[in-house]
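Shown next, in structure tokens, is the structure this report addresses.
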Amino acid sequence: MFSFLIRRIGLMFVILFLVSIMIFSLVNVLPGDPARLILGQEATPEALEALRVEMGLNDPLVVQYFHWISNLIQGDFGNSVKDNTAVADILIAKIPVTLQLTIMSFIIALLIALPAGIISATRKGTLWDYSGTFFALSGVSLPPFWLGILLIYIFAVTLGWLPPSGYVSMKEDFVRSLTLMILPAITIGIRLSAELTRMLRSSLLEVLHADYIRTGYAKGLLEGAVIFKHALKNALIPVITVSGLQMATFLGGAVITETIFAVPGIGQLIVKSILSRDFPVVQGAVMFMAFAVIIINFLVDIAYSILDPRIKLTGGTK
Amino acid sequence: MAQNLTVKNQEIQIQGKVENPRVKMFKTMMGRLFQNKLAVVGGIFTFLLIFMALFSQYIAPYEPTEQNYELIMSPPSADHWFGTDELGRDIFSRVIYGAKVSLQAGLISVGIALAVGIPIGLISGYYRGFWDEYVIMRITDAMLAFPPLVLALSLAAVLGAGLKNAMIAIGIVLTPNFIRLIRAEVLAHREREYVEAGRATGLRDWRILLHHILPNTMAPIMVQATLAIAGAIISEASLSYLGLGTQPPTPSWGSMLAAGQGYLELAPWMALFPGVFIFLTVMSINLFGDGIRDMLDPKLK
Amino acid sequence: MTTTQLEVKNLHVGFKSKKGFTTILNGVDFTVKKGETLCIVGESGCGKSLTSLSIMGLLPKTGQISEGQILFNGEDLSTKNQKEMSKIRGKEISMIFQEPMTSLNPVQTVGKQIEEVVRIHQKVGKKEAREKAIDMLRLVGIPAPEKRIDNYPHEMSGGMRQRVMIAMALTCNPKLLIADEPTTALDVTIQAQILELMDRLKTELDMSIMMITHDLGVVSEIADRVLVMYAGKVVEYSDVKTLFKKPKHPYTQGLIESIPKLNEEQDELPIIKGSVPSPENMPKGCRFSTRCKFAAPACFEKLPELVGEEGHKVSCWMYTDEWEKMTNHGGEAGNVSQRETTAAAAAAAAPTGS
Amino acid sequence: MLAKEKQQQQQQQQQPLLEVKGLKKYFSTGGTGFLNKNKKYVKAVDDLSFYVNEGETLGIVGESGCGKSTMGRAILQLQKPTEGQVLFQGKDISKFNAKQIRELRKDIQIIFQDPFGSLNQRMTVGSMLSEIVRVHKIVPKKEELKYIQQLLQDVGLNPEHYWRYPHEFSGGQRQRISIARALAVQPKLIVCDEAVSALDVSVQAQVLNLLQKLKNDYHLTYIFISHDLSVVKHISDRVGVMYLGKMMELSNKHMMYENPLHPYTKALFSAIPEVTTEGKKQRVILKGDVPSPLDIPTGCCFHTRCPLATDKCKMEMPEFREAEKGHFVACHYAGV
Amino acid sequence: NDASTGSKETKTSGSKTKLESKDTLVIGLDDDPPQLDPHMSSAAVDRQTFQSLYNKLVDVDENLDIIPELAKEWKITDEGKTYTFKLQENVVFHDGTPFNAEAVKFNFERMLDPDMGSPRKSEIASVSEVNVKGDYEIEIKLKEPYAPFLAALTDRAGMMVSPTAVKESGKDFANKPVGTGPYQLEERVTQSHINLTRFEDYWREEPKIKKIVIKPFSDADVRVTNLVSGDLDIINKVAYKDLEDLRNNENITLLEKDSLMFQGIQLNTKVAPFDNKKVRQALNYAIDREAITKVVFHGGAVPAISAFPSSSWASPDMEVPKVDVEKAKALLKESGVGKVSFTLKITPKPEEQQIAQMLQSMLKAADIDMEIEMVEFGTLLEQQDNGEFTALRLGWSGRTDPDGNIYSWFYTDAPLNKSFYSDAKVDELLTNARINSDQEERAKLYKEVSEILFEDAPYIFLYHEKDYKAMKKNVKGFNHISDTMIRTETMYFE
């Protein structure tokens, strides 16, 4: 177990290092001069040059990289080019927003996916199953931004039940915060639940064919007990792993959803800062997201080994 | 060893008519495909879309870029089935032309991912070792740690807006998934007895890889590829939606949606129809993909 | 007091599919007496497992008992619903399966899995259940059961897992234990352990065993009576000694002959030619007719009944009075004398112990 | 029978077709990580030595996981042996380079257990066989079809099976295809790794007869791996018994079955359920399970289950010695 | 340069608008102000916040005439080379330090300090000396006469920051602004809000509203929604498509004012095909400006022919030419270029795309092939700098003094003259207009320049956008001036 953790953490750092190099090189080959962007249309060449020197844009890339990474290790993400605030502060302000969105979407997704998955797997070949599958397929096929627009059109524009977009923090106004977040959470949640339903269904179907399920019946358990006591846990293990691995995709979905619903989270921050070439923010935010994905995968791995006693945490690679 | 050849020299008799095995295989696969009704529907729709994309200039009633300031944002009518947009262009015609962009985006970006992913995945999985474990796998890990849309967005921004670059960006983003999938498949298959048997009969590695392992891993690859095509269509639309995909005036469903979003109340049809088409396209490709999964699964009769 | 524990009468089981209903078990009859071990043998796919699953009411969703009765203590199990069956399963009738590796829930300790059986069928507390589980593990010969009870299945060897399965099955003192190839996946040395264990427990717990296997060696080792199945039909039904001394059905004969013998030198093994027909193109008549060396033309047309005295029944035209008539109509081979010789040859082939 | 033995003796004086000396195959577990200090080894095959003469069948029996398949693979160089020599016709093939090994494939072939997994599902029987024939240039191209169809007939299939896919065959037929594949290059030695284990008895008998017949027709030599003692005895000339990667006993099959020396062999024989009409036989039931190959017991690896084990057995590894002429055994007490 | 379009709600009729008198005014801006230091600021949106935080030396009124603010009065002497300001007394900064001539001197030196890299430096580049003449009198000397100087002081260059605070905070001043304005900073959370509270020691009449909250909503639809049914009281910039709705909303006041900006296409006169004057002229006639203002702007913009919108006193009375495809074709023929094709670079905003697509189809009618290429704003600027373009869509936010709208765009080698246009006559006229401080004479000079520029067409003027402010009906006291600033000082709730 211990050597597994060491190894796994070591691996994590390797990946993080690669991620940081990728982010850095990506950002630095982005066309567009941030100094030009800051100073705008009227900048004089001298002012531009001064700013470039100040921002270290004239240093060799390797120097810039090590500068960035060594600061990063010390927790200094640098400052936004646009408004000079610390990227770390910006991120801290955004994290609760994205977190709230994430949690709400997850809850919605689970509320849909668990029953849908179980019903369509246990009632395979019935109308229930077909509707579940159809739902899952539609959810996966809906472009997230269109779904968002559609929801706005239906619930905000036509029915006027919910506000179309915006964000208020939970502290400020709890109820309003939830009502504002509900449409974006549904947008992400539906897609997520579609994928979870799909996974849960196929995983359950597989598990339901397993010998130990038959053993459960042979013991005298009824169907419900077999499904909930024996099948579900086994079926959820791969679902958790796969959804952990899909975390990145999921966060990616948040990017566009946040943009549509003007939710000031990390996703929107990334889109905006990429488009405005705010390099330090892009680097910091993307690094943070990648870090979150890596950590989540790590946790999922550990959860996996807890859920599944067969997985011994030895140093083997997947 | 020549004596073995002449051990016996009976007449070889072939009873009955022999059907070409590939034709037969094809027939049974088609049979399996046609059992899945939804897949057939998906396949037909996909086919229609391809048809639409190929012959858009004959199908579309108007030029997709033809502007008519008298008819700005007019609702669907007999003249303009899907209404007109903010420049008075016929949305129906634009949707038809948009199919070209979307299908192209889906196919080419997945093509790129396959072209890069298959060889790397095959070699990496078959030979294992340092390069596999410490270079290729870790790089794919790192790439997979990025939210795909963020990566696509950054890449598209780096490469510059435009359909070509968007396709490259999406292709790059898809690649690690394929590398992983193919590698995992190869890892599973290289331990299989038929591969071992291949090696035991003295086949060269490339022959085993290309003639034995690759065809056997084709089923999951095909399934993943169709799903990826569906995903790539959405990604291209997303990038276009964010302004990094197809450039105006080329009609693309994503950018049409982006434009339409601003006029949701005034002209909901502007966002509705391109969205419906993305949905239907992705849906039918997914359905078709499911069908292919069935088709390639020899366990199903 | 009757001596019959289980009686299966004219059991027909099949599967629904798009193409219609395929009957796989086609009129299976047998009884299991109290305290005896009945072995069902036959090659893969002949319907052994299907028979046992029908008794347990555990047929897959597409499977269906289309005809016949399964009488357990006089009650017809085939008419019971799932809820009623669940009261019988694990309590009155238990079952263990072929794959000890996969028949236990991998994410629960073996203790939990045994306790569960206790708690389904008996109103006992957690602690008692656990104690019972430990007792059961001890009974099946697992060393240090107090420790082993908290193991996960994967922490045990195949033999141990099969012991756990047996412990689980026997927890509620069932009247009948159905064992579907319980030792096939095990090594010979472990198989010997398990067979011995089952034999011991049968007398200790006073139950009947219905054991499914395809290994004739195991049959002769453990069975009191034997049911030989071929393609969903019973072909021979006899007590074990008689069967191996004097197998009647050509299939049984062939089966016994085709096993390589340890104490005998054979240059070539006698074989049964061909292979089992698939359910879709079952011969109309005797199902073995396509592979039988004695088959008369009529064998292909008419299905033989299971006939013979109590204690040794066989389903073959050769042992009916009609055989004469059938061969007279131009059968290529076979008359009474010939069938005697075959039987004799088979008897000779049968081993005489070591 | 006598003539055959004589012939064998003559051959023994000649060079054996295959000779294995001190063969070892260890697998390291726990990945290849640099952070892994306490690497453990699965000693799947540990110091095996034996020979096979031309034209004979050497049977290898042992319980699951004792390293039979690993041995087979190591002989074929499908997995590089960790240590030891494999001499084929006097040449050490474990030192061969890739090209030489490809050449070697014409001489040594293998048949696997799994009739489902060992055939490429996506190739017709014909294309599979012709690929091999072409790669090794066995016959000119125009004779190829005829050659392969002949081969199919030889293994009891129909020529038109040339155009079929593996999934259209039954288990027994597939095993025949595997046999045809092995035969296609006209090898001298075939390793049959549990070639009949997955088959039903009636089909097993068919395949065993076929193997016997082919051996004579094609002048083959077999290494026949199985866990079924009766099958091994039926087909082999000599038999080796393996336990935890080591050879416990090796001898002519008659000597072995009539007078097993090693306590493990004895237990193994007595554990086989046999079709008898007499009462149940007296049996030695071994206690416990086979130890994990990850930590093999010290001394004699069988001492944990051996009814005769003494302290010496715990400490000292018995030597694999020739207790009688041609009868090798690895036990301190056997046959002394 | 924000490509996010976001959602919209313009369903104004049914929604409830809260109309209550409050002590907090919530402003919805079109972007998050990057920073709060006027001397370092480069984003236009910053200026909105500055109106509340700082005072300027001078201000403009509705007619764009200069009026006193921190400077009570001023004299221009020495042929326009010396400006002497009398300052308000009793003015204190938010940190309690007094505002005086020393502070003004400090401010000028700060802006002119080459190490600061202040974007203001170029605006007051003509300053040669700043002399304190007394506690409340300061003299500023220019290198040469520069008529637009005062106008520059109505904006960021005229905003006075506290020297003490600057010395204390250094670079961090951008986050801890200290001015003399009616409101002082209470809290700022980037991308979320800026809270200001009334400055109790303010030198003028105490503002009626206690608190100002400034929130960024880059999405125009969200902004409108939040005004109509949310907490916003006034918003900056309204999407043109919403004009109609807002105008009809009885709870909303929609204010319209000609702004100072101009928009058009910058042509690179150094490369083909626009090195040919006739081709450039052809564009002027091939484009239907009227259609653009109608289709894209729903009347929220007016066709342009010069750099000066009608709000400017320099606006020439020239008639915008009607679209004349024949004339355009004729000009092309004269040019002898043959097939004209070029690429227009635009930023990826929906409106830009719409304009570009319209231009494309208009030019097509005149046999000109135009390709559209979208590039990010930063890239566009960079490519503009390097002359890597044939045509690009870039306008100007406008300056109070007409000089600011034209000199740097068309004077030979001026910083924004990326058309690489050079005309001796234009240079001369522009210089004269700078020196001359008589408005009427200057207006004549600018008219002459405008005519030449139309003829030479280095830049195709397309339209002047109007500025819109929408606010709740109960918000009063807002003074809509063409510089588009929200001056909070005088605002109140009814």
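Lettered A, B, C, D and E in written order, each chain numbered from 1.
Operating definition for what follows: a contact is a pair of C-beta atoms (placed from the backbone, for glycine too) under 8 Å apart; a residue touches a chain by one contact, two chains touch by 3 or more.
Since this is a predicted model, take the numbers as computed values, not measurements.
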From chain D, the most remote chain by mean C-alpha position: E
B-D or A-C, whichever has more C-beta pairs in contact: B-D
Centre-of-Cα separation between chain D and chain A, whole angstrom: 53
Centre distance in Å when chain C and chain D are each reduced to the mean of their C-alpha atoms: 32
Geometric centre distance via CA averages, chain E-chain A, whole Å: 40
Per-residue multi-chain contacts in chain E, two or more chains: 3-4, 6-9, 11, 221, 375-376
Residue list for chain C, restricted to those that touch at least two other chains: none
For chain A, residues that touch 2 or more chains besides their own: 31, 149, 152, 157, 259-260, 271, 275, 317
Complex interface listing, chain B residues touching chain D: 1, 4-5, 7-10, 12-16, 18-21, 25, 133, 192-194, 196-204, 207, 211-212, 215-216, 218, 298
Residue ranges of chain C touching chain A (in the complex, touch as defined): 56, 58, 61, 82-83, 86-91, 94-95, 97, 99, 102-108, 113, 116-117, 120-121, 152, 154, 165, 168-169
Residue numbers on chain A that touch chain C, as the complex places them: 124, 210-212, 214-223, 229-230, 233-234, 237, 307-310
Contact footprint of chain E on chain B as seen in their complex: 65-67, 69, 72, 86-87, 157, 160-161, 242-244, 247-249, 255, 258-259, 261-266
Chain E-touching residues of chain A, taken from the complex the two chains share: 31-34, 36-44, 46-47, 50-51, 54, 80, 82-85, 89-90, 93-94, 148-149, 152, 156-157, 160, 163-166, 259-262, 264, 268-269, 271-272, 275-277
